[in-house]
Every structure is written in C-alpha cells, then in structure tokens.
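For clarity, chains are labelled A, B, C, D, E and F in written order, and residue numbers in each chain start from 1.
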Amino acid sequence: MALIDFELDKLRSYAPELPEESDFDSFWTDTLTDARTFDLAAEFTKIDNKLKVIDTYDVTFNGFGGTPVKAWLHVPAGTAGPLPTVVQYHGYSGGRGFPHATTLFAQAGYAHVVMDTRGQGWSAGGHSSTVDASADAGINHIPGFMTSGLQDPKAYYYRRVYVDAVRLLDAVVDHPLVDRTKIIVTGGSQGGGITLAVAGLAPSAGLDLVGAAPDVPFLCNFPRALEISDRNPYAEITAYLASWRDQVDVAYRTLSYFDGVNLGKRAQAPALFSVALMDPICPPSTVFSAYNHYAGSEKSINVYSHNEHEGGGPYQLDAQLDWFAERFAG
Amino acid sequence: MALIDFELDKLRSYAPELPEESDFDSFWTDTLTDARTFDLAAEFTKIDNKLKVIDTYDVTFNGFGGTPVKAWLHVPAGTAGPLPTVVQYHGYSGGRGFPHATTLFAQAGYAHVVMDTRGQGWSAGGHSSTVDASADAGINHIPGFMTSGLQDPKAYYYRRVYVDAVRLLDAVVDHPLVDRTKIIVTGGSQGGGITLAVAGLAPSAGLDLVGAAPDVPFLCNFPRALEISDRNPYAEITAYLASWRDQVDVAYRTLSYFDGVNLGKRAQAPALFSVALMDPICPPSTVFSAYNHYAGSEKSINVYSHNEHEGGGPYQLDAQLDWFAERFAG
Amino acid sequence: MALIDFELDKLRSYAPELPEESDFDSFWTDTLTDARTFDLAAEFTKIDNKLKVIDTYDVTFNGFGGTPVKAWLHVPAGTAGPLPTVVQYHGYSGGRGFPHATTLFAQAGYAHVVMDTRGQGWSAGGHSSTVDASADAGINHIPGFMTSGLQDPKAYYYRRVYVDAVRLLDAVVDHPLVDRTKIIVTGGSQGGGITLAVAGLAPSAGLDLVGAAPDVPFLCNFPRALEISDRNPYAEITAYLASWRDQVDVAYRTLSYFDGVNLGKRAQAPALFSVALMDPICPPSTVFSAYNHYAGSEKSINVYSHNEHEGGGPYQLDAQLDWFAERFAG
Amino acid sequence: MALIDFELDKLRSYAPELPEESDFDSFWTDTLTDARTFDLAAEFTKIDNKLKVIDTYDVTFNGFGGTPVKAWLHVPAGTAGPLPTVVQYHGYSGGRGFPHATTLFAQAGYAHVVMDTRGQGWSAGGHSSTVDASADAGINHIPGFMTSGLQDPKAYYYRRVYVDAVRLLDAVVDHPLVDRTKIIVTGGSQGGGITLAVAGLAPSAGLDLVGAAPDVPFLCNFPRALEISDRNPYAEITAYLASWRDQVDVAYRTLSYFDGVNLGKRAQAPALFSVALMDPICPPSTVFSAYNHYAGSEKSINVYSHNEHEGGGPYQLDAQLDWFAERFAG
Amino acid sequence: MALIDFELDKLRSYAPELPEESDFDSFWTDTLTDARTFDLAAEFTKIDNKLKVIDTYDVTFNGFGGTPVKAWLHVPAGTAGPLPTVVQYHGYSGGRGFPHATTLFAQAGYAHVVMDTRGQGWSAGGHSSTVDASADAGINHIPGFMTSGLQDPKAYYYRRVYVDAVRLLDAVVDHPLVDRTKIIVTGGSQGGGITLAVAGLAPSAGLDLVGAAPDVPFLCNFPRALEISDRNPYAEITAYLASWRDQVDVAYRTLSYFDGVNLGKRAQAPALFSVALMDPICPPSTVFSAYNHYAGSEKSINVYSHNEHEGGGPYQLDAQLDWFAERFAG
Amino acid sequence: MALIDFELDKLRSYAPELPEESDFDSFWTDTLTDARTFDLAAEFTKIDNKLKVIDTYDVTFNGFGGTPVKAWLHVPAGTAGPLPTVVQYHGYSGGRGFPHATTLFAQAGYAHVVMDTRGQGWSAGGHSSTVDASADAGINHIPGFMTSGLQDPKAYYYRRVYVDAVRLLDAVVDHPLVDRTKIIVTGGSQGGGITLAVAGLAPSAGLDLVGAAPDVPFLCNFPRALEISDRNPYAEITAYLASWRDQVDVAYRTLSYFDGVNLGKRAQAPALFSVALMDPICPPSTVFSAYNHYAGSEKSINVYSHNEHEGGGPYQLDAQLDWFAERFAG
C-alpha cells in the first residue's frame, strides 16, 4: 500500500467544518429521551465460558425501540467489584461472538463489556444474535447496513446502534461489578465510530466517562470519505448514491447527524485515537477530521505510518493497556 | 471465461434429487392462504411516461403481509383490452425503475407487467420503492438479501418475494386490459427463479399460465450452486455459512422450500428456458437441475455455449418474442 | 469508486487549450468533400421487427470511401412524417444490434435513427454488420480500434467513423419520415464523442441541428485522458505508445484532429452534456474540457457525482426525453 | 469461494502413499541426536505482561545449531504447578508477538507455551526476535522460507524449525509449572504442520504427548499441494521449480522428509484435526492425506464445509477447549 | 499457478480427432498456388545493426496477396554461406523488432531468419512495420487478430500469416547465405503454431525441413482451448462467440483449417516440442493434441511441470541449441 | 497505466535533500577496506557456451565476507584484448543465468561482464548459484531481500551486494581481455541501483569509470518510494514496517546508507539514465531524485512517457549501444 491521502503535515491541521443541521442536538436529545422510555430490563447471567481465570456474564438489555440487545460482561474470576470498566464496541461485521473471544481488558483486571451489534455478527459467528428488530430495517437499500434507512435520520440504522451503545452504559453503570466513575469506551473501526458517538452523547445523556479510545475510527467525515475511499463499508453509500442519483442531498443530510466529526465536537472525555496513514478503508483525513475537532479535555493520537486498516494492531492494544491504567489510576 | 461446470452432454441428463421436506406443499398452501387474507387493494393509475406509443399504469397492491408492492403495467397506447399479458420479474438488484426502462413486450403488442422487488432496486434507481416491510428483515444476516431470515423458512426473504409475485398475478388477472387466459411469466436470473416459483405455485394457487420463460434462472439447486459458484449472490450464502458454521443444515433445509428444482416439479405450464455454459453466477448444472425436473407440459432450453451470465441477451429476447407469439396464438 | 480526477469546482473552469494543426479545418473540409463524391445510395427497407407499435427500416448508405454502412430507422407504427428525429451513435463495442434493441426515442414519438459503427458491434451481436472496408484497417496497431491508422490523420479509424456519421445525416434528411429542420444527435461514450464531432462538423457541412446530447463523451482531450485513465479504450493508445515509443508526437498530432475539444469549438447547436465524477473510463476533466470549450448557443451539463462510466443511466435518458421535447417544441 | 478440491466422500478415504526415502528415520534420529548435543540452556524470566490474571515468562533455549529461540510461557497468575500444558506453534508469518497476544489456554487454566518461529514473525511484530542463525539461510531461494535450503534435506529450513519445536518440549518438560505427563501440542496452518512433525518425532525422541491438535495443517502432501494450490506459501515452491526447472526431483525428495503425511505415520498421540473444504491455501485433500495416514491411537477431524483457510476459527478453539479438558482429565 | 488441465499421464495419450473439412487439402493447395502467383521480389539489404559479430540483412518479400512482408536475416559477421538456417516466427504481439533484439541462432553460427508478423509487433516496437494490407482486415471482429475474418476460412487472418510464413521460406532458400537443405523452423506460442503450420504445409509446398521446433504452441485444438482457457488470445474467440452467438459453427469450421492438430498430421519433419503443465494460455491438452497427432518422422517433447506460459524459457533454448546442432550435423 | 507520480515539469527539478548520517563516507570506506582484506582469488574458466561468435568465461571471485561470487565474461570469439568493457548488474530476482542469455554488449564488440546477485537468480534459473553466505541472512525479515538485515547498516543485504559489485570490478580490471581505462557499469532496476552505488563508490575506491548507465534505477529515495509505490520490491519494506511498527526510524536510517540519491552525489562518471513516467515499481520521482543529485561530469536522461517499469526496453538498449560507442571512442 502507498499513501492514499494527504501527507502527515497537512493531516495534523486538517479540520474542515462539516454541515450540521440546526436540530442536531434536539434530534439526539429526543432520540435518547424516547429510547429511555423503554425499560432497560437488564439481565446478567453467569455462564460457563470454559475459562478458569475469567468470569463471564451473558447480558441482555432493551436497546433502541425496546429491542433485546446482547453483550458480554467479563471480569477476573472471583473478583468483587466495583471495577474500572472498559466498554468495547465492534467493527463492521463483528459481534460479541464466543465468550472466550475477546477478554483482554478483563485479563488486565478490569470489567470488560462487549456489545453485540444489531443485525451484524457475520464475521464472528458463535453467540451473536442481536436482531435489528425495526420496521425500518426493510427499507430499500444496498446490501449492507450503511444505507439502511438512509432516507431519513429517524430511520437510519446507526440511530438504533448509537442508542444501543448508550443504553448499554445505562445498563452496566448500576451493576455491582462496575465502578460507574471509571468507565472508558473503546473500539476499532465501526467500534471507533460508535465510541466517538457515545463520547459525544455522554454529556447530554448524563454519563461520565474517564476516557474514550477510538481506534482507526469509521463513520467520520462522510463527504470526504466517499471522495477518497473506494472500499466497503463507505463504498456501500457510494453505490447507493450511484443508483439513486436524486438522493445525494438527502443522504448527506442524514449522515450529518451520525458523523463522528459532529458528535466528537460535543465530547468531554480525554481521548486516545489511532490512525494509519495508508488506510484505504478509514482514510487518515477522515480520522484527523474527527480528531482535530474532538472537544475532549485531553487528546492524543498514535500515528501508524506504514499501515492500512489494521492500524496499530497489538501495538495499539499495548498502548491502550498503558493509557487505560493511567486513566483509571488518575 | 472457460467452462466452469459439466460438459453439455452430462448437463443434458443431470437431474439430481434434492431433499424436500414433507410439509413442502402445506408450507406453500398455508403461506398463500395467509397471504390472501390481506385485501389486494390493487390500484392502477395512468401516469405520464413520456412515451407516445405506450401507456403506463402505476400499480400498487398488497403483497406478503399486506405490504404495498409496486409494479408497472405497460400497454400499447390507446389499446382496449383484454390483451395477452407478459409478467416480468427482475434480476437481483433490479427493480421496476423508470416507466420507460422496460417496455419491450408492450411494444410487441401485449400487456407488460413489471414487478418491483421488495427492498431491492439499487441497480435500477428511479421509481423503485417497494419496502420489505417485515419484522424479519432485521434478523442477523450477511449484507445482501440471500441470507435474510435464512434461519427459518417462514422468515426467509424469498417467501415474501414469491408471495408478492403470486399476488401480482392475482392483482392483474382482473384488470380489463389483461386477458386472464393468456398469461406468461418470465424473468432473468433472480427473475428466472421467481418465474419458476410462480410456475410451480400456480396450479395450487388456481392460476393458469400459458407459458413460463425462465432465463438463466437463479435460486436453483442451492447445494450444487454453493459448491461450484464463488460469485454473489449465491456466495452470500456461502459467506453466511462460513461464519455461522453450525447453521449449515438449518440453512439448507430453509433453502429447500425455495429451490426452483422443487418448485418446478409442480409446474404445468409450457416453458422456454435458457442457460449459458460459462455462467459463473448461475452455473449451468444448477439451471439444468431445474430444467430436467421441470414438470410442465412442453419445455425447451436455449443453450448459449460461450456466454457467461449475460446468457443469450438480445438473442434470447428475440427467441422469446417468437415463442410468446406462438404461445399466445395457440 | 472514489474521485479519480479534479474536484467539481476546478472542473467547472477547466478549459485547457489543446494543440490544433493549422490545417484542421481544411483537413475536415477536404475529407467531407471527398466523402460526398461517393453516391449515398441510401436504401430504406421496412422489416419485420416483431414489434406492433414501432415500424423499423433497415438502412444502408455509402459511408466513408463508399463503404456500405447500416443503420436502423424506427418510427411509431403507421406514422406519416415528417417527424422530429433523433440520430444516435453507439458506445465503443456497440452496434445497431437487433431491431428491437434500442427504440426509446421512437417510443417517444420521434424518428429514431441508430447508426452501426464500422468494424464494431461485438457487444451487440445480432444485425451488426458494417465492415470497416478500408486498406488502412490493417495497419499495425494494438488490438482495438483506437490505434488503427494512428500514424496519419488520413488513415485514422475515426476519420472513417466521423464521416459515416455525417453521411448518415445526409442520408436521412431527405427521407419523408424525417423533418430535416428538427434533428438532434446524441450518444453515450464513443457515441458522445461522435456526437461532438458531428455537432462540430455540421456548420461547415451545411447541416442544421436543433440539439446535440453527448452523454459521458469519449474522445475528448486525449493528452489528459492518457495521463489519468488506465482503462480501455483510452489505454489502448497508451499501450501503443508504450511500444512504439518514438511515435508519441505523431500520435498526439493525429489525435488532435479528432479531439472533441477541438471539434466542439466549431459547434453551434445547443447541447445537453452529462458527466460522472467517478468515471475512470471517460474521466470528468476530459468531459469538462470539451464542455467548457463547446461553442454551441446554449449548453448545460448534468453532473452525476457518485457514478462511474454508467453516468446518469436512466436518469439521463429521462432528462433527454424532457430536453428533446423542449428542443423540438422550440 | 467454491469447492476447489475433491468432494467430502472422496476425501474421507483419500490416503495416497507418498515416496519416503529409506533413511527417513535415521535422518531424523541423527538430526535430533545432533541437536541435543547443544546445551538447552533454557531460561524462564517472569516479565510484566500488563495482565492481572496471567503470569508470563520470557523463555529462551538453544534450538537447532545452538541458536537461541524465544517462547512465552503463560500460566494463571499465582498458580503453583505442575499444570497440564498446551504447546502452540504459529502459522506462517507469525511469531510469539506481544505477551498479551495469545493467552487463551492459560486463561483456561493450563500452562500455555508459545514458540517463536525462527526468522519469521512479520505478521506479529512486537516481541518476535528469533533469528534463523544458520549458514544455510542464505542459499539461493525464492523470497519466502519455503524454498530456503530446498536443495538438501540437511539444509532445509524446516529441519531447523522442527528441531526447535522438539527442543522446546525438551526445555519445558522440566519446568516446575509444567506437568510433563500432560502435554498437548497444537497449532494452525504452519503450526499444524509443526504439530504433526512433533507428534511424529515424539516417540523416537522419548517424549510423551497426551494429544496433538493440528488445525488446517500446512506442510502435508507436497506433490498434491503444488498441483492444486496456487496460493502462497505452497506456491513459493511452485515458483522455485518454475525457475530452477532441473531441480524438481531434488526438491520433492527434500520435501518428503518434512511431509506431515510421512511424519504423522509415526505418531502415537490421540489427535483432533480440523479441515476446511474450500481452503485454497491448505486444500482439504492435503489435510486428509495426513489425517487418513495419521497413526495416533485415536483421531477425529472437524470438517468445516463452507470455509476457506480461516477454517473453524473460534468454533475450533471452542472444540479444542473441550477436547483438551477431556484429554487432560483422561 | 496450479494444474489447470489433465494430469501428465492422461496428456501423454490425449489425441482427440478434430473435425476436418473434406476440402482441407485443396483449400491449402489453392491458397499456396494463388500466393505464388505473386512475384516474391525478395530483397536483402545489409544494415548497420550496431553489432560487431553479427551481420544483419533487412529482408522484404511479397507475402499473401502481394503484401510486402519484413524479416531479418542474421549471420555471423563475415561468413560466407551457405549456412544451416533457423527460421523463427514470433509470439502473439511480437514482431521482428530491433535488429539486435533476437540473434541467438546467428550467435550459434547459423543463418537466423526472423519474420515480422503482419499487423502485429506492438510488444516489440522498433523496426516492426508489416501491414496486414487486406480488404478483409476490416471485417467486424473483437479487438485482436484472432477473430479477424473468422466468418470465412478465405478471409481469416491466419490464412494470410501462414502464407507469409511459407513464402518467407521460398524467399530465403535461394539466398547464397542459406543452405536450403538445412532448414529448421521454430517459434514459441503463436510462433509455435505457425511452425506447425509450416511443417504441415511444407510437403505439399515442396519444401524440405530438417526440423521443426514448436515451443508451447498456440493455435492447436481450438474447441478444447476455448473450453479450458479463459485467457487471451484464445479468449478473444470466446468473446466473439459470446457476442455473435449464431456464429459458433461457422467459427469452428473456419478454425479447423488453421488448427495445428490438423496441419501437424501432414508434417514430415522431425520435431522438438515443449509444453508447460500449468500453462493457462496454451493449456497442455491443446499442445499434446498437436503433439500426439504430429506425423513427423521423429518427435520428442520437453515437459515443464511447474511452469506457466513461459514454458522452458532459457532451458528450452538450451535444449534447442543442442537439438539444432544435432539435426544440422545429421 | 496512468501517470502515478508528478508531471514531467515538476520531475525535472525534483531534488529533495535526503537525510545522510555523518559517518556515511567512513561507513563505506571501512566497508570496502574490510572487503578488500579478502583475497579476490578471481578465476576465469572458458566454457562451452554453445555459441560460435562469443567466447564465455565462467568467473568466480571472493566478494563480501569472502563469499564466492559468480559472473560471466563474454567477448567476441577469438578476440585479443584489451577491450572496452561493460559490466552489467541484474534486476531483482535475476541472476547471470545461462551463458547464452545476455551477450548483447559482447556482440557489439566489447567485453561484457554479468554479475550474479547473491541469493537471487530465481527468475533466471540456469547457472545462477551465488549463495548469500552470511550469518546476517537469517535475521528476521519479510520474505524477500529488501528487509534482510534492515535493523543495521552493517547487516543489510545490499551492503554485501554493493561490495560484490565493486569487487567484481577489482577482479576484472586486471584481466588481459579487459581495458581498465574503458569501463562502463550498467543495469536496469536493481541493476540500476547497483550501478549508481558503484558509480558513487568508485572515486573513493580508486576505480575509474568512463560511464554509468542506470536504467529505471531502483533503490533511490526510499522515503518517497514507500509513499508512492505499493508494488514489490519497495513494498517489501512497507510490509516490514507495517509489522514492526517501532522500527520505522531504524529502517530509514539503514536505508540512507544505500540510497542511490546519496551514493550518486559522490559519482564522477558521465551517466545515461532512463526513466518511465508511468512506472509503478520505480516511480519517476524516485529516479529523478537520483538523477537530479547525480554528480557525474555529464549526464542525460531518456524519458519514456507512456511506459511502466519496462521503460525504454529495446529503445534504451539501442540508445546505450550508441552512447557506449561514443564513450569508449571518447
């Protein structure tokens, strides 16, 4: 792979203003208010995860529209809480999968919560089974989730996902194993986009975060993304607009409500980003658009100069282990 | 492209028996009975199609689950019916599109009905707007429609589509421009698969067809198709089973209800098939599986020896014009 | 696909001056004068097109060098002319094909003339059979028509094609079904390039056009095209120059006589262009080079922002139906 | 992906006899005898792995030719041994990587040993640093390790790797955290090939194994592999033979000493294999060649019907957790 | 690359009978008789080839239809003839190129004649300039030479090429540097096909050859070739037949006159073939079809087991140097 | 291919300053001093090359670390020296191959020396057998030679290769067939990079060159190369840095000692470069970086505007024949 975007110098200061509808904040306030009218009905059931040193709870709670959403809660075996807690969202196609699939932050001594993404999970298999139970799921779209409900912000797929992500926090903060004053949200790619959304919505939602760690985040600066990336998932939207040529303005208006750039402007939590300069899927200019606008109190970004979308991989996990420890100690 | 399947000699006699559940017929009888409890509420509204020699009606009727489904009805301008009628279903990704997009059989002097495919239409754009309004649309699946609801025949996407296709016939047979004794169903690829389904369901549904013309039909002999084709849309199912490895039997059981091989065994209408020997998307052994089992009174198949999925293209349309004229004259 | 060319703002004003030989005009005047020494010998034979609402005439006339060239003339069945007339040229690889293949503008009530492209037709099959009967056809070239005779403007393939296109107008203007005061030329890709050529040659050829509608036109700004497009057909020329490295200047000199930019500077007819911003085959800077230099009395361009070479597809046809009606009404 | 190899029925009984040199056993006996003349000099240094529930030891021992080879030893934090032990070898390109990268079997309560592969590690990064310190490393070869030293079994790269793998067992069986009577070897792809080699060499090396779990193993039935796979790493050998065309017999002779089919014939440990029917990298006929010849006391194979080289992924890990528990309990 | 055709055992005896028209021999006799009515007018002009040890003559002679065809004649500098002579034909896209491009057999001490291929030369550049000056060159075809004139054996491109190849022999046998009793014809790929044609036509043309050395020959067993190869140049014919679907029988009939299988049945010269078992362009079954039917007095074939279309490359040249020396000494 | 780099105007003046360590010169002086402590032990053995007009000597000499390195020495048969001499280095993957493979400059009347590249030769086969006999060869690296020893300039692969290249000159200047006052070094791609290295090291090594002819040279301006080229061999380094993310600075430091830009700054010989503007493997900005900094007394560059990495091919050879003659005559 070669550089496919601006050089690093330009990226450092690249912070285009994106369109934002005047009802942006009320759209999200109303959305969360509505979502919270549904009883969370959170359940935590300890299961046999086949592991000796980790305890795992099967979590179910009512997400957007009251849909049951699944998650895992992993903790060091036999721990009494409350523990500092890492909430993780998955990349596009992923799901919570098997209980032994993703336990790193529990191994590090924290409560580790892993959300299932509604309708997705096809690259994880296993225990992923959160249905996107919404009448809007069947609206005409290109194969893939990026264009599901694109005609209307209220019908857009990520409205349901972002709400699930916030409601998961609502669900876990009250659990005795979780220390509600020490919560970090994180995720890579789509999970990074959701992380930005949660960080941006947290202040108005009354949720305190001690950190947000979006890794090569997706869902940022859509107009630029569609210009420069010819790879899925962004290209699903391009394909949609290549067909329904009269829907370009409608689509970009919808996307503006979900753009990590606009959401991150409302964030307050310290953040550790990562970006890869040869990433054709989440090109660096889209990530820096979000990073440069991110409004959290402290922020830093790890730049991986020769990587594609795998980004920092284990190097970034290693950096996160350090940063999380520092944030939780803080 | 080279040959990617059996040689023609072997194809001529290739007719594997596929598994069929014992409730196959009752499944479909019940499905249609349920579907017919919804009032058709068919509406035909003449629109300005910008054409002088063709009149076009915008059709809406209640399909599966009472969902409004769109179609076009094209006829020679100023004709008084009833006319021999060609009902056409579209290939995967297609939709009814613009009113001036597909009018060939109306140009030939017939009533030409074009069904919109629910949820699809992304390669046609324009006037395609039939929503797959079903709670099942949001069940976990791989991007694409092939795996939507694959867990259960009752939830499977094509149950809704096949019912729409039958209900469209219910809707048009009563229209004064349509001669209900002279109806041919046709379509290419997915449209060919739907054609086979309608031909197979027609006897028990009380519908008479004077012909069925499936062109390089899709949705036939799924087990063979997944073994030999690595191309979408069949490969969407492969990708699903590559992830949810424990769902293989469940998936093939579901697919057996929708297989053009099993449905075609119940058909009675004369048929004109086509097949392309170098077709990597609907490989010839899957098409011949359906053809060799097809139970209609007369049948023939046009073999295109050096073509891929484009099949006979205008040559097959030319052959259909002749065959339709002959069938309607008969 | 992503943007592969300039951003729209820059395109709007991109109008580079291309080299033009001093004998450009005399080259074309002489070419047409020579061509018109051959008797047109136009014949129009009504055939059975298998359609009820369209009448089709098989057209033969003597094109460049007296070669017999084929075309279709479609009109609404039973019409007495003269009718406003649309003359259509095909994209690279296309030909007039089957008589029922392309009848849209006849459906709209016009005379619709479809020219066969000499030597081509391989994607249309059917009734395409216009031979490029010229001694120059066998000059050394890369496979494909783009480099046939590139050594000399007099031997270049498109000299023969452009002359055919003009002579077709000569042939049809005298037909009783054609209203010679109401002629629009159109075509997509190569057909768009031929459209520009005809529009540019029409004034000196004594032909009046009420409109020209080049759709994602090819054959424009060759130097820029070869720099930015790595796709056939432009890349055929690149491949030629990659081999015969000493022929670069010779080739660009030849191409300058056939460039839609230079030809369009001589046009007078109003024009409706289209362009797709992600088109890797006819990149937008090449199209805007032609559009910005186009000298017709009125002009507009439909910009498809997320499309590749399919451009506006049915949306552009829809726009053409409106624009043609307006032009013919004017 | 489609099936690219025999159907499952044929695979079940596919067990071709491969050539085996008469000195096969003495080659390996001599090799191990020589290797054991080097002092193991095994060192185990506890490091900070940033994890709370896992303790990790940085392992160094002298492998083939006395080269220092690295490994990790992970155990549940604070455990007193001896523990049942899983020794894992990595796939081609992998290495031991970061200490927190691969700890699953330690999470399950076992000692988990992870060997670094000499010269490799480029997909893992991090702490991989085992040099292939051999004069033979610089012999002419195709880029990649498959052809390094292919001219002579004594110089072949995998001779060094297989010896490292055996010497690692020599190193760990004496460690107090390891129960030398309860050792399972495992690995995927290249790691599966090494697993077969260790299982085959163990009896003559005086090592007892309670199980071997080769996952989609590589390095099996080279002649068939090169006929059917056009993908690296097997294709590295094809590329070598495409160049040095006179070395075909020499190369196959060398490979016969390292073939998992021949080595597995000497194994005694019970085994759990896995195979994927659409695997283009380790095609199923090569895996079944090894499986059907495997001489261990009990054996079973998990067949993933719609997968490529990812095989069972987390499903197979899940099956291994069960099978390991059972074997260790036995 | 993997095996893409039969295994070697089957290839050894693969000799399908191909259709042959009853006028095959008279077609070629008449063709050559006609061709010989044109005065050869062979000219040999010594040029400055920039080489000290090789003398080069620029050759021009009248080929098919009296078209001037170019060639090089290379000999060791200062030699007095007559010399044993190697006549070489080029692969598809090649041409005689620069005078210093291909001199190997002159370096070996022979007269080395290199024919330019009419219309081709685009991969050689330089001094390639033999025009395919035929009215038939402009007949409708797919880009490329394979389908030029495919409608009729008399119009087919290779009729002109094969005649050129024979006439080149007519031209050189009378040159004082050439020993007419010691001539070998050779070439790779297309050049191998032409070699087979010349070897097959030589007896009836009254030409004696002491050897023919077709290297991975093209133009053999067209029906099989189109079934198994999806690569150009064979695939040019597939593309043609995919378009003009009604021309399949016509095309195969034409090709039967030019098939190396049928022509080789008439050969008498000893032959050295080569074949590559992983060749996707000239698949081994097509080469063995020709080899097994080849009627020359002695024949052998070098099999390259792991090669694609590059075949034996320098290894085969090395073998040819030995075989030519032996044949010439004989 | 399209332009993938700057336009020619910008390239003409593109001369970025690259980092250079302060010990650059001493590193090389020390390296050569060390290398020269090994006895050259050059042997020249005349062999049967199967050619009449060329004599070939099999050359062996002790290169870096005393490793035996192979070469060919070709001269016109029977010549008495001393002759002007061309020393040629091969492209990546190449080797000296068969003795009859590369003799052009001997045909032109010169002594023609062809060096084998240690460890490589896999695209040449035949007589290539120079082993990279170094303990450093087995250091962890990505498959391929570009990253072998990248951790340390002293261990880097090209240190050994560049020394071999200089020592070859040491070996041949004393041979009676070689005129030590008339030596030109040349090579394409990697061979061009080695040419630049030898030209740059020659002054301090006490070697006089009358010319250097790097053809589309590789190994120039590594930082730019990795930004713009996604093709091997440069991309081998990118892949290495994508894995070992913490080694970026170390790697670029190492590479700076081997960069043709820095080495060329020390050259004195006149030079003839070539460059191809569409070259994705050795992009033109990397070549112009070297050209614009090249310090030789005279220099010129042949620009091939429409070529990829094949560059000028035979055209450049033709130009070299002229330029060599001129230089040798000078």
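Things worth noting here:
Keep this in mind: contacts are C-beta pairs under 8 Å (C-beta built on N, C-alpha and C of every residue); 3 or more make two chains touch, one makes a residue touch a chain.
Bear in mind that the values here come from a model prediction, so they are computed numbers and not experimental data.
Under the contact definition stated at the top, the chains bordering both chain A and chain D are B, F. Between chain A and chain E, the least number of touching-chain steps is 2. More than half of the contact pairs of A-D, counted by residue number, reappear in one of B-D, D-E or E-F; that pair is E-F. When every chain is reduced to the mean of its CA atoms, the largest separation from chain D belongs to C. Mostly differing positions are employed by chain B and chain D in their mutual contact, as under half of the interface residue numbers are shared between these two copies.
Chain D and chain E carry the same sequence, and matching their CA atoms takes a turn of 120 degrees, rounded to a multiple of 5. Comparing mean CA positions across the assembly, the chain most remote from chain B is F. Between chain C and chain F, the centres computed from C-alpha atoms are 50 Å apart. Centroid to centroid, with C-alpha atoms defining each point, chain D and chain F lie 39 Å apart. Within chain F, the positions touching two or more other chains are listed as 124-125, 245-246, 313, 315.
This structure has the following touching chain pairs: A-B, A-C, A-D, A-F, B-C, B-D, B-E, C-E, C-F, D-E, D-F, E-F. Those residues of chain A that touch chain C in the shared complex are 226-230, 235, 238, 241-242, 245-246, 248. Of all residues in chain D, those touching chain B in their complex are 1-3, 7, 278, 304-308, 310, 312, 315. Against chain B, the residues of chain A that register as touching in their complex are 95, 118-125, 128-135, 137-145, 236, 239-240, 243-246. Contacts from chain F toward chain E in the complex involve residues 50-54, 76-77, 97-98, 100-101, 103-104, 106-109, 124-126, 313-315, 317-318, 321-322, 325.
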